[in-house]
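Some structures to go through are shown next.
In what comes next, subunit A is part of two complexes: it sits with subunit B in the first one and with subunit C in the second one.
== the complex of A and B ==
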């Protein structure tokens, strides 16, 4: 059996076995083993990714083809790593064998998506992934899963139609064949010949792909499923959901560039220093950053906060992809890795907090740093990484992305990404203080630290955050291999873009020195005074509950009031309204047409017969 | 020029259809249905008529090539039986409807309304 097939099948097989046996201890072991196999193979196949591996199978009339190359290896690495840590954490949080089955099935699905070498295989595994993640959400919340399912199906149909059009014109599903045909087509049109695809058809395929991948990536305005689905499922699984499954959408956008980038560029021309079609993607990404970030700041629930924050961070990746230069593409891939690392870590932290305290809202939290020191250390790394503070991986990837956008002279996109970073601080500061510091509610006094599997899982991801942060050259080297040339120069610790340098090691040293000095100052001179929860004053008066803006309660209420006008325009509500209108319309039609009057039915028959007669049947 | 048989048969069908579509009394609708059936049967028979030929029964002085088309006659024989059967069934349904709703007006019988 081929390595790639084993890699894709192993988690699914382990999941099915775990589900069938359903013995405590064995199912956990099976699950972890199933998730470890892809990770192990990803490590083993690293050397061979450069030359590429191809496999083809015929399965029930479908030609299933897999291929491993530098790009897919990069995504496989992300998915296998985040998948493994999430499954490890599930040892503590999973309640039934049902969860093992579908968590591992979605791991299989996402690996299949990244390894697929033709559009049909891509679609099949895309659906396996969607189905499994839908089942995971369904277990916890029916409404949220239904919303996720509807939008996913909408996206899947869009993709299926696009694939159908491509197949009808080209007669092939294979990536390389489609790519070459599209390339030839672009050239033929450029030379004044007759293209296979008209401009309208190209635009249609582009639009359908944007919908399909945009749904999965959580791009504005198709993001509405994500906050509910991310928060209403096993939080360990959410770490994989947000860290790896959303990358399938990102991978889809990159795939679209690979397959039809030349064609789209030629048909729609350029805008400023980028392509028009790319600019649209980047602009959607920018809106996603802003909307996701602002909404994240207004949440009162930790899980929701990080769900919106995940959406916001995915916006960066879309901006990078949209700008479309080699540098910005690398920046997007880099950020995809760091997003997986810090978001995976964040959701594991949330999972730990929820697992240990059973609470999800800010108002019930506080002072947990003392009780959960290890989790707090992990949270500290994740916060620094997401906020983009050197020397963690979040800074390196965001810095490359900023440079890529600025160097292309795109002011609006630049504004979006900078605003997104600022709003990132706004919501993270709240997480930092409301959960870890301040007074602790008495019912959290006997909270224990993370259980061992979760601690190991968090440790792995945190290590990734630190390692790739201090040595961003490791990632840059891999990314350069994808492009076959040195886009990001520099050494292991230094990133050199040609017009700017970032020395991670130097910054690390300075940071450590700074922390040591701060530590000395703290331990020498700081005085700690304990104050009770009620000991909070505002202009000399005790705070009333009417307008209580502590960090745990309505902290960003003024922001909410400022944004009130914009918050009224909710896409979530819009979709609900559309859904209700369709229901009403169907109800009206039903009660008028299916009215229970025999004579009306006779009329319908007569009319249909008349129409058929006039038609000449 | 359309044959008088066709004209008559189709007129009967249309009259029956008119009764079904516009009359509100179920019994009148059933009368319409019967009229329609008669029209259909007549139409079928008239399709098989060949000018100047006799009945398709092989006997003295009548050879096979002197008979009208026998197939529509067999069809109509079947159709008449079916028609009678459906009418009987419909009438029994009408009786049941009257017992249940105390009316034969289709507008007022709303048991089928969803």
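== the complex of A and C ==
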């Protein structure tokens, strides 16, 4: 059997077996094994990704085709790594074999999406991925899962219509064939001939694809499912949900560029130094950064905070993709990797906290750093990485993105990404303060540190954050391979864009030197005496543990007040209202049309006959 | 290797000394505006020495110590990347975006240390500091974007070199707008009125600094001195033409001359900030956010758009 097929099927098979056997110990082993196979294969196939592997099967009248190239290998690597760590953490947190089945099924779905080589295979695995993740949410919260399902279905059928239009015109699903046909079409129109697709049709396909991929990526204003779905499920699974599943949307956008970039560019023209259709994507990305970030800062639930943060970070990737130069594409891919690494880590940390304390709201937590030092250390790395603190991977990818956007003379997008980095800082410190520091509620006094499988999973991702941060050249080299030329120059430690340089190793060395100098000053001073958290300045008053001195609720109240006007507008509410309106309409139609009166049914028949008579049947 | 080490040591000592002098100048100027005599210029050094010499220090845990050390370490790191006349050691990597970020990360250390103390005033101060950071980021971002787009490079050193040929940044209209916005941002970065909301003496008992005493506070004083030096230096480099003196035959004379020119420019930046601080009362945090998201943002965004045309 072909490697690619094994890679896609293995998790699903393991999931089904784990579900059927349902024996404690065996299902965990099966699950981890199922997730380890794609990771192993991704490593083995690394060398061969350059030459490309193709495989095709005929199944139910459809060609199922898979192909591995540099780009899909990059995404496979992300999905397999995050999938493996998430599954490892699920050993501790999974409550039933049901979760093993669907978590592994969605891993299969994601791998299938990245490996698909034609639109139909892409769609089928897209649906498997959506269904499995829906089932994961359904187990925990019905309302959240339905919201996710409705929007996903909306997106998926938008995609189906777009695929249908393409197939009707071109008669093929195959990526390379579609791509060539689109190229030819763009050239034909450019030379004054008659294209297959009119301008209106091209715009329609573009719009449908934006909806389809925007939903999965959580782009504003289609992001409303994400905060509920990310929070109302097994948090270990969310690490994969946010880390890898959302990348399917990103991959979709890149696919749209590959398939019909030339056509779209030609039909809609350029905007400043980028394309008009790309600028729209980038602008949506910019709004996503700001909206996601601001809402993250105002959340009172640890899972919701990271859900919004995940939305915000995906906005960066969309900005990079939208700007559309080779450099900005690379920046987007780089950030996709670092987002998977630090957000995967963050959700594992959340999973650990939820697993050990059973609480999710900021108001119930505090002072956990002493009780869970390992998890705190992991959180420290994740915080530095997400906030974009050199020398971790979050900074390297953001830096490339900043320079890619600004060097294209796009000032408004530049403003968006700057704001996004500050807001990232803001909500992370809030998380740090409320969860790790300050007084500890007495019911958390015997909290233990992370269990071993979760600790290993967190360790793997944290190592990735540090390693790719100090040696960003490792990633840049892979990205250059995708484009077949040296877009980001430099060595293992240096990123060189021509107009800007970043040396991660030198920076690390100087940071260490700086800390050593500061440490010398510190250790030259007199000894320190450890004092308890209640022995603190409270306007000169004595205090005991009965007073709550840690601000846990509404930490960013002034921000809320400043933004009061903007917060009154909510897309969540808009969708709810539309949903309610549709329900009312259905109710009205039901009571008027199916009114239980035999005579009115006779009238319907008469009207239909009248219409047919007028038609001349 | 030895040469790099010597240069680094020189930069560090020079920045610390001048930074402390800056702190002294701020106190003297403020005093003179109030018709007082004020302390001697070396007063901040004495204060810091006293703090470092305390016989007993307290701690609230590992992060409480590490945060403070990290803050100073990160400030030293930022300093190394900013071109100081001809002396900079990492100036080839002195990227605009990098330095902008590096100037912010010491705050992370201070926040971590302050928050781990569990003091409610520290929490409140951290909240205000973060919202100030968020507020200034918009005009700051646009100002940096304007610079990068105008010069087409992100290298601070190349921007300094370009200004030798084309005149100071502030003589070009788009960059003048950006410079005004950046100068307003500096007020918050220095922690001066009307934007000293984060520290807010008299209002929230020094905010994040409330629990620090002894050597922790001493280290933060050193950090503040170096940060003052680094921030004014960065501003002088990107907007006021920096300094590259080559008229003398001897490299040492050239270095001294460029340091002197930079010093004058830095003091000019400092004086504007100090004089502004002496006459304005403090804003509340929501006023600050609304202010920064209005005028400086409009100015800087206009500059960025003009620079990109």
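Observations on the structure shown:
Here, the second predicted complex is superposed on the first by the 579 of 617 C-alpha atoms of A that agree within 3 Å, B and C clash if a C-alpha of one lies under 4 Å from a C-alpha of the other, contacts with A are read in each partner's own complex, and residues count from 1 in each chain.
The rule is short, and it goes like this: contacts are C-beta pairs under 8 Å (C-beta built on N, C-alpha and C of every residue); 3 or more make two chains touch, one makes a residue touch a chain.
This one's a predicted model, so the numbers in the text were calculated from it and none came from an experiment.
By the touch criterion defined above, A:606 lies against subunit B but remains apart from subunit C after alignment on the C-alpha atoms of chain A. Of the two partner chains placed by the overlay, only subunit C lies in contact with A:551; subunit B stays clear of it. Within the superposed three-chain model, A:559 lies in touch with subunit C and out of touch with subunit B [touch as defined at top].
Of the two partner chains placed by superposition, A:142 touches none, neither subunit B nor subunit C.
More residues of subunit A lie in touch with C than with the remaining chain of the pair subunit B and subunit C.
In the superposition on chain A, A:448 makes contact with neither subunit B nor subunit C. Look at A:580: by the touch rule set out above, it reaches neither subunit B nor subunit C.
In the superposition on chain A, A:596 makes contact with subunit B only, while subunit C stays out of contact range.
Contact with subunit C, but none with subunit B, is seen for A:421 once the two complexes are overlaid on the shared chain.
The residues of subunit A lying in touch with subunit B in their complex are 590-591, 594-599, 602-603, 606.
By the touch criterion stated above, subunit A contacts subunit C in their complex at residues 272, 367, 369-370, 384, 387-390, 395, 399, 402-403, 406-407, 409-412, 414-415, 417-419, 421-423, 425-426, 429-430, 432-433, 436-439, 497, 499-503, 506-507, 510-519, 521-522, 524-531, 533, 536-539, 549-551, 555-556, 558-559, 561-562. Residues of subunit B touching subunit A in their complex: 17, 20-21, 24, 29, 106-107, 109-114.
Those residues of subunit C that touch subunit A in the shared complex are 8, 12, 52-61, 63, 65, 68-77, 80, 90, 92-93, 95-98, 101-102, 104-105, 108, 111-112, 115-121, 123-124, 126-128, 130-131, 133-134, 137-138, 140-142, 144-146, 148-149, 152-155, 205, 210-211, 214-215, 218-219, 222, 284-286, 289-290, 301, 304-305, 307-308.
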